[in-house]
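Just so it is clear, A, B, C, D, E and F label the chains in written order, and each chain counts residues from 1 on its own.
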Amino acid sequence: MGNKGTMTKTKIWTEIDYDKEGKHVGWLHLPYSVTRSAYGTIAMPIAVIKNGRGPTAFLMSGNHGDEYEGQVALCKLIRDLDPGEIQGRVIVLPAANFPAAMAGARVSPLDGGNLNRSFPGNPEGSPTLQIADYIESVLMPMADIFHDYHSGGSSLQYVPFCSTYQGTEPGWNERAVAALKAFGAPVGLVWRKMSDPGLSVGAAFRNKVVALGGEFGGAGTVTISCLKIVERGIRNLLTHVGILPGGKIVPPEKPMRFVEVIDRSYYTYAPDQGLFEPFVELGDMVEKGQACGQVHFVDDPARKPVPCHFKNSGIVFCKRQFGRVERGDCVAHLATDIKQ
Amino acid sequence: MGNKGTMTKTKIWTEIDYDKEGKHVGWLHLPYSVTRSAYGTIAMPIAVIKNGRGPTAFLMSGNHGDEYEGQVALCKLIRDLDPGEIQGRVIVLPAANFPAAMAGARVSPLDGGNLNRSFPGNPEGSPTLQIADYIESVLMPMADIFHDYHSGGSSLQYVPFCSTYQGTEPGWNERAVAALKAFGAPVGLVWRKMSDPGLSVGAAFRNKVVALGGEFGGAGTVTISCLKIVERGIRNLLTHVGILPGGKIVPPEKPMRFVEVIDRSYYTYAPDQGLFEPFVELGDMVEKGQACGQVHFVDDPARKPVPCHFKNSGIVFCKRQFGRVERGDCVAHLATDIKQ
Amino acid sequence: MGNKGTMTKTKIWTEIDYDKEGKHVGWLHLPYSVTRSAYGTIAMPIAVIKNGRGPTAFLMSGNHGDEYEGQVALCKLIRDLDPGEIQGRVIVLPAANFPAAMAGARVSPLDGGNLNRSFPGNPEGSPTLQIADYIESVLMPMADIFHDYHSGGSSLQYVPFCSTYQGTEPGWNERAVAALKAFGAPVGLVWRKMSDPGLSVGAAFRNKVVALGGEFGGAGTVTISCLKIVERGIRNLLTHVGILPGGKIVPPEKPMRFVEVIDRSYYTYAPDQGLFEPFVELGDMVEKGQACGQVHFVDDPARKPVPCHFKNSGIVFCKRQFGRVERGDCVAHLATDIKQ
Amino acid sequence: MGNKGTMTKTKIWTEIDYDKEGKHVGWLHLPYSVTRSAYGTIAMPIAVIKNGRGPTAFLMSGNHGDEYEGQVALCKLIRDLDPGEIQGRVIVLPAANFPAAMAGARVSPLDGGNLNRSFPGNPEGSPTLQIADYIESVLMPMADIFHDYHSGGSSLQYVPFCSTYQGTEPGWNERAVAALKAFGAPVGLVWRKMSDPGLSVGAAFRNKVVALGGEFGGAGTVTISCLKIVERGIRNLLTHVGILPGGKIVPPEKPMRFVEVIDRSYYTYAPDQGLFEPFVELGDMVEKGQACGQVHFVDDPARKPVPCHFKNSGIVFCKRQFGRVERGDCVAHLATDIKQ
Amino acid sequence: MGNKGTMTKTKIWTEIDYDKEGKHVGWLHLPYSVTRSAYGTIAMPIAVIKNGRGPTAFLMSGNHGDEYEGQVALCKLIRDLDPGEIQGRVIVLPAANFPAAMAGARVSPLDGGNLNRSFPGNPEGSPTLQIADYIESVLMPMADIFHDYHSGGSSLQYVPFCSTYQGTEPGWNERAVAALKAFGAPVGLVWRKMSDPGLSVGAAFRNKVVALGGEFGGAGTVTISCLKIVERGIRNLLTHVGILPGGKIVPPEKPMRFVEVIDRSYYTYAPDQGLFEPFVELGDMVEKGQACGQVHFVDDPARKPVPCHFKNSGIVFCKRQFGRVERGDCVAHLATDIKQ
Amino acid sequence: MGNKGTMTKTKIWTEIDYDKEGKHVGWLHLPYSVTRSAYGTIAMPIAVIKNGRGPTAFLMSGNHGDEYEGQVALCKLIRDLDPGEIQGRVIVLPAANFPAAMAGARVSPLDGGNLNRSFPGNPEGSPTLQIADYIESVLMPMADIFHDYHSGGSSLQYVPFCSTYQGTEPGWNERAVAALKAFGAPVGLVWRKMSDPGLSVGAAFRNKVVALGGEFGGAGTVTISCLKIVERGIRNLLTHVGILPGGKIVPPEKPMRFVEVIDRSYYTYAPDQGLFEPFVELGDMVEKGQACGQVHFVDDPARKPVPCHFKNSGIVFCKRQFGRVERGDCVAHLATDIKQ
């Protein structure tokens, strides 16, 4: 059944043997007993491509089900990557929160779970927690490098970027930034600290695996240009870590731009419920105090709109997609350039 | 109660008097008796701005609740338009299918009604049918010109354009095209025939009111550039029909491009259920037989994607926004240039 | 199967024979074919109590499922009324919109139908329409007098009253008012015209059956004092029409008060969405222009409440029960005293 | 585009040409505009297999979505039937109420529609009504023989039988019974009259097409033995009408048994809500007055169970599958033998 | 960010500074990441009114979202209380379980959470648990006195009373009863022990804060008389603790009545599912064994109603509002007078 | 209140006294506070039948709400078993997961809980967890023998069998197998180890109570033959343990067959989503590698079906009932004969 170690108590099982040579595409089975299927399992796709000795890359998408560029790129990789091309192993989990991915939703329709707030998970918990546990305790320990492909999902659109996280292990930051540069996205972001241990990067940290992230598009759609960034980046990264010995790192068209996101002052929130009219575009440079947009009251159109303002200066790095807002929705967040 | 004529049997009532001078913003009340409110009404915003004699423009948005540029522009118009500026009357219905607009949805959450397939409506029917009847039998008869602002909504994005419909009344087409040109959108589309008598333009035709339409953006969002087109166009149109005597028609930056959409061969549909990877961008010129995109099977990633192809040549005028598709979803439609 | 006449096309069937002597309690079966029961029927309780020749009283409750005093009183009548006591026939339909009554809801959970807006119904329509048709075309033609017991339901509370409707048939109004007075509620209301032909009273009119109505309480509860009014009134009414030859009409404690409700100016509606604070109590006398209450914005408590005012003078005859309101909810309506 | 005649107003379109030689498997597209797909269509599978001149058989399943033997048999027929084998045309609609079939439900999840109560349908109506209209006005006029494969669905199980309906056209009954006998099910049933013009057989009658029906199993499952009856019967029927010139009619193992179902006294209904314990098995011979079963009150186990009894004698032809019942659910129905 | 202490791990943040002079009305932001808003927060209103040194009163309503008198009174207090009037600080949380309050429901629509069973909460838990944790670990430690305003909510109505809880700290009971008396409700109740540590009063106990509670009305409505009790009581209480130095304690019209509720024998439960007819009114004195009411079976009206009886003697202190009951619903509870 | 011991922290209470002589049928009350009933309880039926000293049998059904033979048999036992017949005590919990049983569902509609994966439960948890805790900590400690009656539920059908579990206590296995043989089902299964400590048998083990299980039918129905097995077995078991001193053990018609289920290779899963056509019947002997069935794609009938195969040889012991499958549903499982 391929699970590594004897301490693992996951109930998820698979016919995939992670140590077998060649390409193997199959399913993880998560037991899910419901009225329509007493002995049912949730069958989540997984692929392992292995050739001899070498490092293991663990590539994942669908952590949020409505973030699609990574899912497309990894489905193509599963079909296209020939075991003969590689040295080592690539483990691909293209729809990490599978029920969410099938629903085109951020969170699981089964338990409302946001997988990227659920690590380290729980082998006795709800489906989302069981998936988190399996990734943290079965898949991540096999990895030397981990990349989790995100986007802004249904509700946000992003300036596309690849990211990594600063760590405290000796040499960690050098290895992380080298991987980030190798991936070759137009923009790079190094998070100074993890915002939440429940992120997938938390699972990587706890397993001492260098981790990349990033937001490649958004707005609930598949963007051709973002997909190209991801597809090229995957091959760059596999080449960088030595899994694609015949690969060649293709750099971005323009030198990478490096940015950072420091604190809550970078974020702007909707001040009321209604229809949001934005005043700025993605990528605009804005000043502290500048109006970000205003909320209209379509049910009471004579009522004066309520504006909101940026609490910092910077690049509009992320914008809300949906026109309707509730008070407290993030309508935009900024980033600021850093010297590399 | 302002309802015109004695034959009208609508149950919708309002305190707005459509014949009163000045600016009046209020609500249409549609009786809706439910457990939480036995004598409840749905209060739908409406505004009338009137000054002396002159033509009546009836401007409407929120026919589909998730199409936002028109809603923003009309809310701003309601607050900004001074009765002293105008000669005649402007009737503004900013959230035509009000329950849908509040839900940010194409169709009404109350009855699933698509208002733009529901004309001429029914005064005894479900809320959406009652609204259609009120527009057709109360509001439209007061109008000299009608404009219904749409966009691609949540699921589609469009090359922004303004449209009108060919009619058979003498002089109709000239008046319609003159209004279209006055509005001044970058692209103009003249529909040769109405696809469905249930459209709002059907209500206009039956009342012999020249009607404009158009799709100004989409993807469930508010686009600054599309909003500018609508706001400028409204003032252009009101100037053109003589309601804004002091107005000045501001033409588009570039000469208008005129296009047409002929038949079903202009539309491409998803060939299976899964995650759609598009191969073309909005505005691209494509050839008949060219691949439009392919459906990936994330639940079974080893399965070969299924492509779909354009059945005609033309401009990619409209694209599906959401990544996930079901077989039969429209993933793109074309337009072709015409000489004006 | 007891259905009268050959033109009736109802699909509802019953084992009750309306012409049989004695007391018979059974069910009307409305075929309702769904996944959980392909050949299912909705079994709606009905009772017929008959003794020899004499008039037929048709007594009904549960027209709205969350109006309870009538339901309790009629259930007790079904068990308590002895055929030997009566001369003629009493037909009792204690849960007219049965699915709504079982759900404790105003409208049917099956089709959203408000039975009291659904007459004359449709034998081919949704369950609510089929029920309306059965009442209009099968039960009502058997009746000499009809009484439909309502209350304010979940969302409203009422000063309890019995009502009737003015008609144009010779002698109608005299018979109607005589029945109203015999019933003996503390307050009587004579509607000048029917607000909607879809009411049960419309079915009575079309069948030339004198009809009583009334609102006996409300607030989603069973009120002991209202229940007493209904129970006493039923016996009074049956005595009055000669069905209870040994009965004795028990007049109300105080002389009946007669009121009327003239037009829309008697109704006050919520001016915004929020939490409604009433300023008046049920039964208060109020003046035109007096504040009825105000809407608080609990989500934004610094925002000033929005008041609403009475548009007429009169007695506060009906008040909204639920604290939360949406714009357009009726929060109160008035009545005015008339001389009898 | 294939639609026959100019009067047809259906909005359903297809790329299938019903007059083209060979085997063509494609989809009917029913426009269904919703928030998730503004220009979406419901893509319903259809197949046409044609070879030269000859009669047209129209075979259909999935009229109720949870009746499966016909769906399996017709999917297999679509793949297996070679145009070279046949003379004439076979039109196969394997999932008539497609949304119901995908949901494994009797009725459509989109509109609650029971297709087999919806004929003649309505081209402007809800999806189920549009499907009914398309079958009645486009597909049925092309047919010489029609067979609609049913079963007991989720809630009932049946003694498997094939059925037909008596008509008034000269020669009709002979042709109908000949087809019934050719099909060769173990049991045959000739309905004396149609219980409802909304049945698919009503569409056949109105188009003067001899129609077969039947219930092949049930209980929400696929039964191997019933599937064999259907698969053998289809080939028998196609042979009988001359479409399979090389075919050979394979008679049932035992001589067909002929039964009839006369009136409502053949049906037994649950007398209360609870858990139903049956006293008889499918196929048992029972006497009028015999107990059919009893309802237990699991929430109140000390309460005495309530029994129900057969109102006629006969074979237990159909039994309810689900243990839980509501008052008015059909728990069994009978048939009685007839001489052929 | 105003959060006190460094051990607090809440994810809830606010721009309110609890230590700043003057009146500040803003929002607590609870991060809630869902498909419609990836970086959304639930914005819950809060107000701080501060002037110099002095005690802190923490006043809260909306613990159950459908209990309204406290919400109205606190919204008015937020607008009306002038910082110049007070000495010390008043922290007002008018909609503690904000999602429930917006839904007009007892429990949260997001997680089904009953906030008043959720203390001490969990900063990593569902929204309701995060709110409980914030109250227990951030707000309560700042308080010297705490009052949580309840009512019977949608399903119950109460004889209005103010309550407090006996404690074991020296001097506690004296301070608690003094506060109770100062508040000046018509009826006072001293709970001998807390029924559940999950109550808000548990949070107060664990923080050694004297706590008041009470039920001011119910039946899902706003009662003018109960609102007056709460509004007067708030000013009395703030005067009593020295926050309103110029205040004057206004005693109730009649001397306070003191009651107690001892054990489960004070509660009466519905004996079956159906329509409940009560035999007693709120405030009635009843004897042990007396019938409380009976359940009618409207679906089967010939069935004998099932009564239930009081298991103790006392005042009917609380009654169920909704007419329909399920077995096990509390239909009434008693209180008994005590000497003070 | 009957709860044993002082450590028990359950909130569930009952008026049943487990130590009282005679027959007592009542309810367990699980507090469940919701909007429709602030002080509501879930009233779950329980019965205790006691006569003098002797062992205690704890009999349970409705662990899964859609498994009915046990529920019928135990309801009958509650009414039929006379205290005078017995020596000792019988505790009967006929609807263990009461909300699921009322819904006819495997899992609870309140919290989605599968009771048979929820032991040892949690007295502070959701309703399903509170029920598990009550069984484990209150009821099970009173038992000497425990039997939990299951079936395949809605989604599966089984060859009926009685089962027990091997333990490690001295003498355990002998006692367990003796009880299994006494019960006298046609087939016996001895589980070598518990698949999950969350099963009810886990609660029995932890309390050192010999436990029987078994699957008596399935397919969402009540089978007469299976019901007979259960009813006869209950009396056999009570006789065996000495509770029915006058009883007589009635052996099965044929010698019991003993089987075992060893590992995951006994189970076959659906390989894709669609309509499943089985190739084998319940009870068939199959060989490793033999096809079990195939999935048809009714939405795309030209697509080739996908088969699945048995991974072991054995008896088809369990089969999926529902025709529609999703990938990962168990479609069949095997058992293999053992020598006894």
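Operating definition for what follows: a contact is a pair of C-beta atoms (placed from the backbone, for glycine too) under 8 Å apart; a residue touches a chain by one contact, two chains touch by 3 or more.
Keep in mind it's a predicted model, so treat the numbers as computed, not measured.
Where touching is counted per the definition, the chains common to chain C and chain D are B, E.
By the document's definition of touch, common neighbours of chain B and chain F comprise A, D. Of all the chains, the one whose CA centre sits at the greatest distance from that of chain D is E. To find the repeat of C-D among B-F, B-C or A-C, check which pair has over half of the same contact pairs by residue number; it is B-C.
Just to note, of D-E and E-F, the chains joined by more C-beta pairs in contact are E-F.
Taking shared numbers over all numbers used, the chain D to chain F interface scores over half, which places it in the same class. If you average the Cα atoms of chain C and of chain E, the two centres end up 37 Å apart. Centre to centre, using the average C-alpha position, chain A and chain D are separated by 49 Å. Chain A and chain E have CA centres that are 43 Å apart. For chain A, the set of residues that touch two or more other chains comprises 43, 66, 299-300, 322, 327.
Checking each pair of chains for touch leaves A-B, A-C, A-E, A-F, B-C, B-D, B-F, C-D, C-E, D-E, D-F, E-F.
Those residues of chain E whose C-beta lies close enough to touch chain C in the complex are 25, 43, 45, 47, 62, 66, 68, 71-72, 74-76, 78-79, 92, 94-95, 98, 101-102, 104, 219-222, 224, 227, 275-279, 281, 296-302, 304-305, 321-324. Residues 64, 66, 105-107, 114, 117, 152-156, 264, 267, 269, 320, 322, 326-330, 333 of chain D are the ones that touch chain C when the two sit in their complex. Remark: chain A residues 272-273, 299-300, 327 touch chain C in the complex. Against chain E, in their complex, chain F makes its touches with residues 13, 27, 29, 33-43.
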